[in-house]
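The structure follows.
Letters A, B, C and D mark the chains as written, and numbering starts fresh at 1 in each.
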Amino acid sequence: GGGGTGGTAGTSPSPGKAIKVGLVTDVGGLNDKSFNQAANTGRLQAEKDLGLQTQVIESKKQEDYVPNLTTFAQQNYDLVIAVGFLMQNAAWKVATQFPNVKFAIIDGAPANDKGDTANLPNVANLFFKEQEAGYLVGVIAATMAKNKVGKATHNTLCSMGGIPIPPVDHYIAGYQDAIKTIDPSATIINGYSNDFVDQQKGKEVGLNHISKNCDILFQVAGGSGLGYIAAAKEKGVYAIGVDVDQIDVAPGTVITSAIKRVDKAVYDTSKSVKDNSFKAGDNFFSATNDGVGYGKLDSVVPADAKAAADKALADIKSGAIKPKTDLTVK
Amino acid sequence: MATEPQASPTGPATAPSVRQPAAQWATGPAVPVVSVAFALLVGMLFVLASGHDPISAYVDLFKGAFGSPYDITETLIQTIPLILAGLAVAVAFRSGLFNIGAESQLLVGAVAAGAVGARFASLPGPVLFPMVLLSGIGAGAAWGAIAGYLKAARGVNEVITTIMQNYIVVFVMHWLLQNGPMTAPNALGTPASAPIGDGAVLPVIIPNSIVPLTRLHAGIFLAIAAVVVFWFLLWRTSLGYELRAVGLGARAAAQAGINPRTRIVLAMAIAGGFAGLAGMIQVSGVFHRVFDGFSAGYGFDAIAVALLGKNSPIGIVLAALLFGAFARGGTIMQANAGVSAQLVSVIEALVLFVIAAELIVRILAARRRGPKPIEAIT
Amino acid sequence: MTLDQVIGAGVLAATLRLATPILLAALGGVVSERSGVVNIALEGCMLVGAFFGVVAADRTHSVVLALAVAMGAGGILAAIHAVAAIHLRSDQIVSGMALNILALGLTSYLDYQFYGNTGTPADLAGVPDVSLGPIAAIPFVGDVIGNQNAIVWVALALVVVIQAFLFRTVPGLRLRAVGEHPRAADTVGIAVRPTRYWAVLASGLLAALGGAYLSLSVAHSFTDGMTGGRGFIGLAAMIFGRWTPAGALVASLLFGYGTALSFSLQGASIGSVQVPVQLLSTLPYVLTILAVAGFVGRSRPPAADGLPYETEGHA
Amino acid sequence: MSAETSMLVDMRGIEKRFGDLVALRGVDLVVRQGEIHALVGENGAGKSTLMNVLYGLYRPDAGSIRIRGREVRIAGPRDAIALGIGMIHQHFMLVPPLTVAENVVLGDERGGPRLDRRAIESRVADLEKRFGIVVEPHARTEDIPLGLQQRVEILKVLYRGSELLIFDEPTAVLTPQEVDELFAIVRTLRDEGKTLILITHKLREVMAVTDNITVLRGGRNAGELVTRNTNPSEIARAMVGRELKELRARATPARAEVTLKVQGLEAKSDRGALALQGVDFDVRSGEILGIAGVGGNGQSELAQAILGLRRPTGGSIQIGGVDISKDDPKRTRARGVAYVPEDRHLEGLVLAFSVADDFILGKQDRAPYARTGVLDPVTILRNGGRLAAEYDVRPPNPKAIVGNLSGGNQQKVVLGRELSERPKLIVVSQPTRGLDIAATEYVHERLLEQRGQGAGILLISSELDEIRALSDRIAVMFEGRIVATLDAASATEERLGLLMAGHGEAAA
């Protein structure tokens, strides 16, 4: 997991009434190897470190979002966290009904029935700049490819999305933007498994990419992306993980990960409720506040690549670089 | 020419089977109740094994489904599409066909309803609503009829067609809704269509002053109407008689002047219509738009609902309620008792299995048959 | 669109890989339905096979044990179905659906219990690929079959074995007789129910091997619902293949080919129009329907398929 | 041979219940070594049940079985086979897609697990030679005529070395030639020392081949007779409890108009062979035209073509002067054509329907049963009750499920449906197959009644007795053609037999 592993055990709950935090997953469920899982990590962390009382409901259907959020709200939870942009409308509906309960939406803002988003006084909108994370790993990949480090000998860089939706494409857009910036001559290939679960499909896309000389494969496809990584491992090329630190998925194959700290967002927001510092409206998690970033590096990643990434990170923080959100190569 | 070899129904032969006389004792009204009770008992062991308090877990399950007016309305919301998709499976079964495609027929109905509802959003309700209703039903029917046609004209087993259709629709919806022709500009992160016009929205039927927060919409009346239509169609119309005749004895029907081919197409169209209506209701009553990943697996649960309900109107309603109650009650079981969603699935599957296997009844029946066990012949 | 994208060695190799799990499920379906039992719990059998294979690989670090455990798990699930279908004469479809739901819930519950947030370990013992040595060096042919996974070969061998078993051996003859006309089999002293039990059990083993292929050969890990409906596709392949192993192979290959195409054609364009990736993904399904409608046509299941056998029923 | 050991089968006090129904109420059956023993009784008397008990398919609720004087427990067919008992079932126990040889050896294949087809076929061929029962060993069973399928059944039993052969209504589905051949086989088997039990409804057959007779009625013994000391009416009395009626003499039909005219009719069989090759005949109103012929010479295709179930490839079919050869069954029936199909289970009835529902099959979309597509359940039920009473369906309950009725009563439902609307033409195929004497008598009366009311009847039957008793004229079909049309008076059994076998003569 990407969450810092805090060692402070035994923090007992505050003597007063315990703060209650409820987490509602989207239909991906807790085992999605992606943001639901990360959110849950943040929840457990908050429970442990902050002494909160927490609970999770996994949604099985889209129509469950409203009742699931309502369930926590009705039970007077202090904070109800909706994981995923799919819950924008549900969150709007429930939050307007329970003005005294605080809500947070990962990757979204409350949206009314027309689809128009509106800030609500009791809802925190937790946004991530995935393109920044994509950009950072793109810098590492492109630098390695340009210098023909290790197995990266063909200067061809690939990526695979689950399905072409904005959060996925943002990652890839940032990745491609970085590559184009560092080495305009690099070959870029992108594909989709059209699935967030199916590993075999992800692997086949990976093998297909590798047959086109890709030596660095960036997955943005949840469980399906694990198959993409498996292809890289099998063929002895490099892969880049996504969302959480996936270096342990395939040591020696995964060189780094584009990280989106959903766990941090959950943890920080829970903490803000406890600290009475809850901020409604847009909250951005970006490179600036370590909300996104790159993960642990494999030993094969040379120092200059890390240096380039850190320089890019600084430039993003300073605003000198604004990674694209549209794909360069479809 | 018309004497086609319908004698042995393709697809599972159990589908239209007459209950064998030997199984006739499996019909008493107490049977499902006893079965559910037994299944819950077995499920209790699982809850216990997972380290939770089974009593409180079950109390939560029940309270979650029926504990308050709000919970009951939520259970009903879950039940509505299950009833309709169940009817879609049952109509086909009654006609000797195995419809695994209720899922995609539902989706096609939803897409059509969502497209029409959004495209003509400005029209007044009395004009728009019938348009949306008919497009949902019609699209589902047309999609279902394809499987029927392929079977009647080309002999393609409907199980193959409907399985493949399910996948095709999922991907076509990806395309339509992910930067595709139906994608709404302001859908933000959600790959979704534009909302349908107010005129197409099914109103909430219980004022929030009576049951706060309830979302129970007028779709429930459509579902009830559909159950009545199902019953009336099958048992009170000539067409229904013909469908059942084809389902139970295609050759006898053929020689009596009932053309099995046309009836097969009709049966699948009607099945698709019911499922399409389910999709339309989900759009008009719950979501007010279509989005990617709209599918909730109703079409698959529907197979169990239809068979559990013995393809009868009342049975389907009760079976759908059981599933709906589990869906809703399971949520509360998670939230309160901390029993995980997967464990709820496990218990649900157990209940289904025990009821399906008619375990209790069959054990009792074996006893009643006395000392000669039926399986003694070796 | 280039020739290589359509019939290149890469596409054909992918076809074999993608066909394998479907083929194994379809073979399971053939064996079970030939004996007269409809087993739509194949999907569930695959899933438990995939999961318990990973668990065993993790605990024992032995591929052989992992495969044995995977198949055993599929066998157990199938055995439950067999009791319901054969002994209790329950509705076979409801029983199958219930077991599918059970398998999904159970594997994902246990996955979370065992591996929580971290996922399955990275160093799992996997089923190895088989390098055909000199054949692997032959251009094209070597690229297609030179380095396929052991289970791919096992599956292909099973097609031959099961085809021979069903149509060239005495037990196979008896199994078919039981599926076509159980009473006739009964009257000549063939034990109908035990035959069906074995067949259903075998179907569970085969499907579970297909699941284990996904987790131990392809992915080297388990993810919830990773079988993605392949059990159902396998059923369709079985029907398409007219309830024969050889036919199931053809159907699975066709389906695998369609899927492989949907990946290799990504980014390709017809004329100046780029085909949307989402629509490309419909290829295997559309191809299957077209093939069945165009070439295969009517196929008839074993006459007693899905019918419970009542020993004192009327002929 | 002592009296004790000559007793091959000795069943005592056999009882069998199916739920509340008592099928056998203490039945005794004694069969001696080397005899042909007839087991007779009306439909539902318990004959098949008794034999199923003997063969181990059913377990008796009470009673004892001795074989060769030794008390035995027969728990399943395997036990029966081991005791030398073999059964040729009324509904054949053959696996249709398997070959003849495979069916013969199934369950006792001998040799290794490998299925050695050639070895099996030669073994079966040897068996055939020994008993003079010839069937192509490698033919697919579903492709051969019923008469040959029955031989396969017999071979199966002989293959297992059975000493006692039980035949359950073996002649019900056979043509006269096939019956003769069967009886030749039966006699040979007895001469070989085998013992046979023969269930049949045809007293002529009982008189012709059996030695002793056991009569069952309502699950009880109703008489033990010695064939050469008795006569058909005595047997019938024991079976039915009353005298047999002779068919009433028929008035010669008035020269009426032609109802059905078939000219140059050609049609293909399911397998694509030319099944009808230029068939010409006509049926007048008030006339019964019998079609005699060995099964498989185009009779089924003829009936299907007339009904519109099979599209002719040439020629014409006219009803009242209008060509109907391109009509579907619905339109054909609308012209007043009724149809009693040969297979009542598969084609005649929806077995899962109630009696009332089956009575309106094909009429479900018109008044008085439906108006504007909506059924009228009250009328349907009332009609069901009325027809059930009128056609003597037992039980006369319109809500009873047809599949649970006896064969005779099922046939009455078909007749009630087909005859109740004064059809102009009735196509009847094997109308009394499997029916007992009383039911057969009943069906014949009903057909004659229709004739009397002016209907034209095309009667297809493989029972020569039936054809001769009912027909005004008899057409003989052979290889898809009408080879002769005879007056009933001049159609002797010998002449018909020759014609059916393809030994043509100048048409009379």
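Note that a contact is a pair of C-beta atoms (placed from the backbone, for glycine too) under 8 Å apart; a residue touches a chain by one contact, two chains touch by 3 or more.
Just so it is clear, the structure is predicted and the values come from calculations on it, not from any experiment.
Colleague: Identify the chain pair with more contacting C-beta pairs: B-C or A-B.
Modeller: The comparison resolves to B-C.
Colleague: Approximately how many whole Å separate the CA-defined centres of chain B and chain C?
Modeller: About 27 Å, centre to centre.
Colleague: Mind checking the centre-to-centre distance between chain A and chain D? Centres are C-alpha means, answer in whole Å.
Modeller: 75
Colleague: Roughly how many whole angstrom separate the Cα centroids of chain A and chain B?
Modeller: 35
Colleague: Distance from the CA centroid of chain B to that of chain D, rounded to the nearest Å?
Modeller: Once rounded, the distance between the two centres reads 45 Å.
Colleague: Could you say which residues in chain C touch two or more other chains, in rising order?
Modeller: In chain C, the residues touching two or more other chains are 108, 112, 186, 278, 281, 303, 311-312.
Colleague: Where in chain A do residues touch two or more other chains at once?
Modeller: 29-30, 163-164, 194
Colleague: Please set out, as single numbers or ranges, the residues of chain D touching at least two other chains.
Modeller: Each of 57, 76-78 in chain D touches at least two other chains.
Colleague: Connecting every touching chain pair, does the picture come out as line, ring, star, complete or other?
Modeller: other
Colleague: What chain-chain pairs meet the touch criterion?
Modeller: In this structure, the chains touch in these pairs: A-B, A-C, B-C, B-D, C-D.
Colleague: State the interface residues of chain C toward chain B in the complex, per the touch definition above.
Modeller: Within the complex, chain C contacts chain B at residues 38, 80, 83-84, 87-95, 97-99, 101-102, 104-106, 108-109, 112, 186, 191, 193-194, 229, 232-233, 235-236, 239-240, 276, 278-279, 281-282, 285-286, 288-289, 292-293, 296-301, 303-308, 310-313.
Colleague: Touching residues of chain C toward chain D in the complex: what are they?
Modeller: Per the stated touch rule, the residues are 167-174, 176-177, 180-181, 183-190, 303, 311-312, 315.
Colleague: What residues of chain B sit close enough to touch chain D in their complex?
Modeller: 1-3, 7, 18, 21, 235-242, 244-245, 248-249, 251-259, 372, 376-378
Colleague: Touching residues of chain A toward chain C in the complex: what are they?
Modeller: Going by the criterion above, the answer is residues 1, 29-33, 37, 40-41, 163-164, 189, 191-192, 194-195, 197-201, 203-205, 207-208, 211, 223, 226-227, 230, 233, 248-251, 330.
Colleague: Tell me, which parts of chain B touch chain A in their complex?
Modeller: My answer: residues 70, 74, 77-78, 171, 174, 178-179, 184, 186-192, 194-195, 212-213, 215, 282, 286-289, 291-294, 296-297, 327-328, 330-332, 334-335, 338, 340-341.
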